[in-house]
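Here come two complexes built around chain A, the first alongside chain B, the second alongside chain C.
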Partner chain A sequence: MPSAPSSRPTPPRRAAIVGANRIPFARSNGAYARASNQDMLTAALDGLVARFGMAGEQVGEVVSGAVLKKSSDFNLTREAVLGSRLAASTPTYDVQQACGTSLQTTLLIANKIALGQIESGIAAGVDTTSDAPIEVNEGLRSVLLAANRAKSTAGVLKALAGLRPGQIVPEIPANREPRTGMSMGEHAAQTAAAWGITRQAQDEIAAASHQNLAKAYDRGFFDDLMTPYLGLTKDNNLRPDSTVEGLAKLKPVFKPAGYPDTEATMTAANSTPLTDGAATVLLASDEWAAERQLPVLAHFVDAETSAVDYVHGDEGLLMAPAYAVPRLLERNGLTLQDFDFYEFHEAFASTILATFAAWEDPIFCKEKLGYDEPLGSFDRSKLNVVGSSLATGHPFAATGARIVPTLAKLLHEKTDQEGSGTARGLISICAAGGQGVVAILEA
Partner chain B sequence: MSNDWYSDFVNSSFGRTIAGQVGLPPVPRLRRWEPGQPLLSGPALLGTATPDGRVAKVVRSLLTDLGIEVHDDPHAPVGGGSSTSKVAAGIVDATGLSSPADLAEIQGFLTPVMRRIGPSGRILVIGDVPAEATSPAVRAARRALEGLVRSAGKEARYGATVNLVHVAAGAENDIESTLRFFLSSRSAFVHGQRLDVGTVPGFAGSSQGVDWDRPLAGRTAVVTGAARGIGATVAKTLRRDGATVICVDVPSAGDALARTANDVGGSALQLDITADHAPATLLDHAARHGGLDVVVHNAGITRDKLLANQDRDRWNSVIDVNLNAQLTINDALLGSDVFHRGGRIVTVSSMAGIAGNRGQTAYGASKAGVIGMVEATAPLLVEKDATINAVAPGFIETAMTAAMPVGTREAGRRLSSMAQGGLPVDVAETIAWFAQAASYAVNGQVLRVDGQNYLGA
Partner chain C sequence: MTATDTERSGAGGTRTETLDSAPTLGVLYGRALLTARSGGSTLPDRRLELVNVRIDPDAVADYNHVCGFSVGGDVPPTYPHMLAFPLQMRLMTDREFPLPAPGMVHLRNVISQVRPPGVGEPLRVAVHADRLAAHPKGAQVDLVTTVTDEDGSTIWDSRSTYFVRGAPAPAGADDAPAAPPEPDPHVGRLPHAIWTVPGDIGRRYAAVSGDVNPIHVNGLAAKAFGMPGTIAHGMWTKARALAALAGRHGPAFTVDVVFKAPVRAPSKAYFHTAAVDGGWDAKLVSTKGRDHLLLTLREG
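Up next, the complex of A and B:
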């Protein structure tokens, strides 16, 4: 592993998380089956604009992205902004880092604010698995491109004569790693088996996620974080009455290759479903927020991105955060136990459990991280206290922008209730391609 | 907006012919306000009942300052025409009556006015407050005006309105915003009504330097129930008049709320007004805008059931949203500096709260309760130079009324002196007028916006 810098230079200033808006997340081919990425992102932006009275205003930058993106959506964020109530003079760009996308866009906006390059910005992410791009297959593409290159009618006909029936079948995007051919679930199942993660432990995480999300809705936690869309007022993946006993009845859906059936522990309930949705976060300098008398929920402290070699079997596909978090802690002089809230993206219940197991394991911490002592465990009652991806669903690129304001609001509530002091939270998101993005917020 | 086929028909050229031949009642097209429109579209006749009248000179100076042609003689030729040419307004200063015998002077003035008043014209009778009189003869004369006005309202045609304003003793120089409202097309659907000015003592304010095209410029307003319907129109109307608008509605209506807020360049606050934290959240949000000048309690629900079939939960939800939430928020406003000196609270009552409505015991109770709240809150607000008033809409054309059965809808529309439903903007105009700083002397009032509906009249 690359050695971590033991400290970092003090940044010029910290970006503030002012507020957020997302649309409720919808299970694939459900409420948002006919909504495009651009539709959803525009709606989420417009809700944010309304919440903060910014109609016609220009913000420093809007940065967003989608994982499943049509080639015609190359300027997705710009098109969404042009269709929104923000000033058309608001600049944008697109970013894609799989499930880490909108935590990374938050980091990008926060960094520019910290450096004084912009005063305000909106980080966002959107994904649809319903209105997914469909490509022609490689064979048909070669034929069509050859025909396009031909200089004569005869040449075009000759190229088209190369068409074969099998080439008509389109390529539909699949949740599959290109370099291993394995689905993400199969990768996660391998990791779960390697770390001995039990079915019971996974179902406990899943049930808690649903129960916590339901309670958060009941207390109006999302009233200033969400705007209804297309008739949906809550995430429709939420099953408030989920229990460990109920979830135990489900059949496993992912099994690691070469393992016995008894090792099949991952079900539709302890794995995130395919989901559609969009989320946005408004960040700003403290000065910008103060001028408008807007609240500051929390500050963006620091972040770290990591990647692991899952291709050659060196590490599990979704284990990159296990490396990013220790580096981030070290750089900020913190331990794993120094947080009031832990927001871990529940790609699969087994993923976060494997990560926790790794941090408690002296061998992993010694051999992979180079530490004499393991990072240890932390108080699980502080984990995903208002639910996470297993309950909300997980529109890939939107998840970071769901989690950032969720944590910021939790921290704000805590300092508000206590009247003083600081509160600190940790965010961890694993991403396809063996990557991970983690961050610290403080209020 | 209109799905009023009958009105569209009798206002078409073919429909007019048929209607004339078979005697179908006409449905006048009402003139409505837009920025820049003159106060009156033509000359005015200004009568006085007695030499002791105290408001005629105030009215005359307002009209002549605006360049409006004013005549004292109801038979005067106007606008270069004849003694029967149409006029835009007939105004009577009916203050100073000493006995019912003085009413004859008013009849003598209004009889030609009724013949001469033009389409969407304005007949305004301005009298003393009956309760201020101790003499039976004087009080009888003052009270008689109301019967005169309400009956004349039922005779007026072509969208002309007839209304009565009582001016408290000493308040005659505090009526400019009221005069402007009743004379302008902002009061298009206010007909056959009475309003008292200056009756809550201790008021303070001024109408100096008001931009009458943007009378709410620089003021911040909250509108509850702003996602759609009348509330959304109120938000737009307040914005048109210059206010910054905070739009509030329940979280489940958040998408429509965001559209309204963005349309008016305001902010959206998703809030259940019955929640314990609602007043604090509202004031917190308002602090972003530097405080509040206007609060419009428009949010309301119906849970209609015959009383014989009503249950406790439905009953309570109506009382909570329509009444308790307003009381709680008003208490918070009174105790907070976020609600500025000179603030305005405007609430929405209903015809059902005045006349009652079958199936609406809970709604009717809540909307009658609103009137009690207004009456009791008005004097409490005086120390903040603030006011509270209510608008009581009659049949207003909204998505809700469009979904009514045809028979009920037609009855609702036609059983009024104007033979039509009002538009949401008619309610909004009245609210916007109450909200003006210049309406400082209008306090504790309930004004029906119903085209003189026959229910509870």
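Up next, the complex of A and C:
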């Protein structure tokens, strides 16, 4: 294992996960088509404030972000807080780490709490693919910028004379890696082919995600994690009756480049859809929670962020968690099997299956991780037990703040049922740009 | 354009003409198309040079936007070709030059860089022709460029091989020394990037390079010269490939590229790279598996 310390200094204290609130996630251009990032984030924050009686209160800070963000939203979180019922004196900042955004904001808040710099904080994330920023194309942009730089009317007219009809076509953000020209799906298809991930295995993950999410709604699991918004009370991507047989009928897409003999295996069901939504998590010191007689669902133990060279380095775009998790385990003296729950963000069903395959592969574990023994497999019945991104949808920056409280509540339920003992869970999120964020929670 | 200074120098007795400004390429292409050539059979014994050339940061920014380099970093290793190309064209559009310039195809380009030239630094850019040779389908010639700094040190040189289909192998061409073996990149099976080559890339690169060769900017003209349609400039594909490797190599290196099947505009192509001992190998391949560009970059 390259340069991973085998243990770490004990942190001063562990941040507690107190509770959360999100709005239901909505498929793109549907229920939330008219809502902006700021609208959704404000709604999710206000729901959290209402749930925990924090109207007019100042928390240590609110950290949030969005992946698809208009330039006018530079202070998105601050604007949302100013429009929320939190005290206007609550400081904020914005973070963007693609799909890892709000697990990273959770880590940032947890670290400040652990160091005693703040006593409470809200980690959040929001994204809309419906109200996406539209840019003018590069040709028009350079003409307009040149006109803007011109000092005289004649100069402005001269610059504008450079306009061409083709320049009026706008550019809509694409889910594409700038350095490879490949969409995330095309990258995932390559990784799926490299690891021989079958269509059947992917559809099993997708069907389980929908079935588990449906069961969780049925037992009221999300009642204290969610507030209705714009007429939605549930994630509208959920198809409770999803079966492997039904999903097998969908047409596959994303034929993997460089594998002329490999059939496409990815479908609209085993890939996450574009989604709108916002999610928030309330973290605090144990003392802060106790003073307000608020529960502590779980504690934030540790986290690791990693990146891989998917550009020239022959590693898959979404494989960074395969490197982050072993480092995190090693630092905390744990094995892959030492968890009660595994919350793996389902960017694509094939992504998490490729990650599992890598950990079971002695060659990958030897050559890439430097281990003599593979990490091995784990009990899949503990994976995404209340559904994950394939069923809920995936508003990029909001996914971490959906998963953290989901796992915290699962851990809390388990220790509650058993009356004693510790429950431990692992979170893994892959992100565009070849990055990954993973974390351990305990209750 | 006028020759301001002519002198004979060196053992070869090559005549060096120092120009006071870069020739205008559109004018040269026009003249080449309209003027009857006398079609000499040997290479002109001349070297054209520009002195006190200063790289303009705005021109580099325009070039970087088209080729994918980041603005404000080192001057791209392919950029000095922008300074040299007008001189190359001035040599090749002369009545006495043995091969016709219009429809010429770039076959190979080798650049050796000692250090990147600085923006605004006074540079001397010199160009001469070399290695007129037979080609199985015509004839080819090399244009050699050197860029020297104020101290007279060569900081950059390149050798461009141009091919003219159907041109008779000129007399004396057999004497030309053989070119070194072509680059032989070894890359993996999986593409690292899928290039989307825009339909207007020929015009856009022409705008920043001045290279208005009709095969890049006009579909009918391209067909007249035996191309399937407008094709991307070879040096654009080389520049874009190097932009993809930015940050992955040091300032001193030799990058050798052969241009195989032309890249049509628009089209898609697969770009493969591999880190190898001492540098990088790369290939641009069509979606049907035909090689477009073979590249080796070796440090030092």
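Simple rule for what comes next: the second predicted complex is superposed on the first by the 436 of 443 C-alpha atoms of A that agree within 3 Å, B and C clash if a C-alpha of one lies under 4 Å from a C-alpha of the other, contacts with A are read in each partner's own complex, and residues count from 1 in each chain.
We adopt the following convention: a residue touches a chain if its C-beta (ideal position, glycine included) is under 8 Å from a C-beta of that chain, and two chains touch if they have at least 3 such contacts.
Remember, predicted model here, so these are calculated numbers, not experimental data.
Superimposing the complexes on chain A yields a three-chain arrangement in which chain B and chain C fit side by side.
Of the two partner chains, neither chain B nor chain C is touched by A:G116.
Annotation for chain A, partner touching more residues between chain B and chain C: B. After overlaying the two complexes on the shared chain, residue contacts for A:G162 are found with neither chain B nor chain C. With both structures placed on the common chain, the touch criterion links A:T233 to chain B but leaves chain C unconnected.
In the overlay built on the shared chain, the residue A:P362 is in contact with neither chain B nor chain C. Of the two partner chains placed by superposition, only chain B is touched by A:G53; chain C is not.
In the superposed model, A:G181 lies in contact with chain C only, and not with chain B. Contacts of A:L294 after superposition: chain B is touched, whereas chain C is not reached.
After superposing the two complexes on chain A, the shortest C-alpha to C-alpha distance between chain B and chain C comes to 46 Å. In the superposition on chain A, the residues of chain A contacted by chain B and by chain C do not overlap at all.
Touching chain A in their complex are the following residues of chain B: 244, 247, 251-255, 257-259, 261-263, 265-272, 275, 287-290. Residues 43, 46-47, 49-53, 55-56, 85, 220, 222-224, 226-229, 233, 292-294 of chain A are the ones that touch chain B when the two sit in their complex.
Within the complex formed with chain A, the residues of chain C that make contact are 65, 188-196, 200, 244-245, 248, 270, 273-275, 280. Residue ranges on chain A touching chain C, taken from their complex, read 138, 142, 166, 179-182, 186, 190, 194, 257-259, 311-314.
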